[in-house]
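Which chain is which? They are A, B, C, D, E and F, in the order written, and residues in each are numbered from 1.
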Amino acid sequence: MSSDRDDFQAERTRLQELMLARGSRTTKRFLNLDAAVYREGVLEPRLKELLGLVASAVLRCDDCIRYHLDQAHDAGWSSDEIREALDVALVVGGSITIPHLRRAYAVLEELDTGR
Amino acid sequence: MSSDRDDFQAERTRLQELMLARGSRTTKRFLNLDAAVYREGVLEPRLKELLGLVASAVLRCDDCIRYHLDQAHDAGWSSDEIREALDVALVVGGSITIPHLRRAYAVLEELDTGR
Amino acid sequence: MSSDRDDFQAERTRLQELMLARGSRTTKRFLNLDAAVYREGVLEPRLKELLGLVASAVLRCDDCIRYHLDQAHDAGWSSDEIREALDVALVVGGSITIPHLRRAYAVLEELDTGR
Amino acid sequence: MSSDRDDFQAERTRLQELMLARGSRTTKRFLNLDAAVYREGVLEPRLKELLGLVASAVLRCDDCIRYHLDQAHDAGWSSDEIREALDVALVVGGSITIPHLRRAYAVLEELDTGR
Amino acid sequence: MSSDRDDFQAERTRLQELMLARGSRTTKRFLNLDAAVYREGVLEPRLKELLGLVASAVLRCDDCIRYHLDQAHDAGWSSDEIREALDVALVVGGSITIPHLRRAYAVLEELDTGR
Amino acid sequence: MSSDRDDFQAERTRLQELMLARGSRTTKRFLNLDAAVYREGVLEPRLKELLGLVASAVLRCDDCIRYHLDQAHDAGWSSDEIREALDVALVVGGSITIPHLRRAYAVLEELDTGR
């Protein structure tokens, strides 16, 4: 069954592939590094998903927030844990983050109901 | 009669309620504080709406700008006064704010024609 | 034949005219200055289009990026050259710029196929 | 008697004059516009000083905050009123503004004791 | 023995107390909330220190980074773990964060040598 | 003869080496990429120095601006050309960039007098 989550990921994948196809060697190296930084090191990858989520939230990037919500959910963080991480972004980043957090809360509802 | 303004406010209210329902005690405290800061103190609340508007404009948050345009209009500021406040945001924040200001000008037209 | 590019430019022009019509003398002076800064001086205007593009990309303003992509393309920069300028934005501004760069790459495809 | 306030203003003036001396016609036009936007229009200039202060605070520019604190103080706003304007910046901009607000509070102490 | 770390914390404490003494009820509520968000909830406080650190790093606030480095160190994170958290900030926030990260690395040297 | 420019570069080099010594493989890959992006490709490296400068100016990073001023000067751009590139940053980024541009103008004076 198709879903909003699938649509988001499909469009993201399509454009990511365009970027890899057309980008320079520098572009490709950056995109590889962007994947590598969330993988195993001295910190658990699942912890780093929360770091990426909070960084995305204070920088107010909806697509990045959406991506890291999916990743954090898949890594086994509960919605309550994710919302508490977003509280840090709310206090650090201020009320200007609220429209983005509202949309994040709506995504978490979808993830919780399995849509 | 339904309108764009009503739609914006209804969706905002729906998600704000979701955030209050699902959020932690910290989330709720922040949202209460976000309401309290614009209420009476030593500065008039209507003046603080303009402060919130300019802060939203230089931080380039469309939803926040939209919200404060409604509030500033309801508080009795004329569209000319609001546009002059936005001039401060334009000079401080630079041309990068222009796409947001264009949309703000379109909202002011709606507010002026009573739509 | 109408196109996405034409639509973007038509809407931009409509709102820019609203801003010029309703704005104060300060608003108009800013908008004039915003046009003047990209024109001939000691640097070529076409070089300044790339500067405007990179500034827009690190500040993550989709409408501004879109505008400068059109301008840079019209000024004769190839898509490979434009993508290399965007690499600078990617490294300076980080992965948070990627969603905007993905959309920029999609626009460059349109410009290359003449749509 | 020389003071920290005088030093700040003297250095600011020296560099502003350098910028006017060396800058292009565009630079000069921008600097003139930056002065003009705070002068009389449909809003009182003193109100616009608070708008400039809050914009500077959420964008976290110490020199700009310092400048607008002086201007707001000279325009007759009390320190309590100025701190309440900064509360809007604090809630909108979040805890990341706190180091800048701490320094602003220290400047207000100086202004209140006439140093 | 006095140290750079002690000096930083003493000045921070002095100004924080000034802010609490002079600030409005809103100011105080915000400062309380800023402390509360890092305390126990469904996530461990020590994890939230890393979230605060990464948020501070991508928003490029030296004082905030310094504060969270101290907190993270006191919470038992090793310098290698902290640097890996900062890697997320580096990739998300880009090369513009590097001057701040360089200073963070210097602080970590101090913390490791017990100065 | 020692100079301010030498001091800046020496401190930058010292901390950069610390970052390379202590950083993870990800850190090192990012720093390598940060150097690579300004080297030859389809655009001239000297042009990319101006792109890096304007990106640094709108993101308001003094150390980054300082670094790219040195690089742009060494690449043969005149101070008038560099100031015109900074005009783009001024208009795009607004008056909030002015304190940084004032300092950039002071650095250009030093570079022109060979200090």
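One rule holds in what follows: a contact is a pair of C-beta atoms (placed from the backbone, for glycine too) under 8 Å apart; a residue touches a chain by one contact, two chains touch by 3 or more.
Note that the structure is predicted; figures quoted are calculated from it, not measured.
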{"item": "Both-way neighbours, i.e. chains that touch chain D and touch chain A", "value": "B, C, E, F"}
{"item": "Label of the chain whose CA centroid is most distant from the centroid of chain B", "value": "F"}
{"item": "A-F or D-F - the one linked by more C-beta pairs in contact", "value": "D-F"}
{"item": "Taking each chain's C-alpha mean as its centre, the one farthest from chain E", "value": "C"}
{"item": "Chain B and chain D: spacing of chain centres that average the CA atoms, whole Å", "value": "23"}
{"item": "Centre-of-Cα separation between chain E and chain B, whole angstrom", "value": "31"}
{"item": "Distance from chain F to chain E - Cα centre to Cα centre, in angstrom", "value": "27"}
{"item": "Residue list for chain C, restricted to those that touch at least two other chains", "value": "24, 26, 30, 33-34, 37, 41-42, 55-56, 58-59, 64, 80, 84, 87, 90-93, 95-96"}
{"item": "Contact graph of the chains (line, ring, star, complete, other)", "value": "complete"}
{"item": "Touching residues (chain side chain E, partner chain C) in the complex", "value": "58, 90-97"}
{"item": "In the complex with chain F, residue positions of chain D that touch it", "value": "12, 15-16, 18-19, 22-24, 26-27, 30-31, 34, 55-56, 59, 61-64"}
{"item": "Touching residues (chain side chain A, partner chain E) in the complex", "value": "33-34, 37-38, 41-43, 47-48, 50-52, 54-56, 58-59, 64, 78, 80-81, 84-85, 87-93"}
{"item": "Footprint of chain F on chain E - complex, ascending", "value": "60, 79-80, 83-84, 87, 90-91, 95-96, 98-99, 101-103, 105-106, 108-109"}
{"item": "Residues of chain F touching chain A in the complex", "value": "24, 26, 29-30, 33, 36-37, 41-42"}
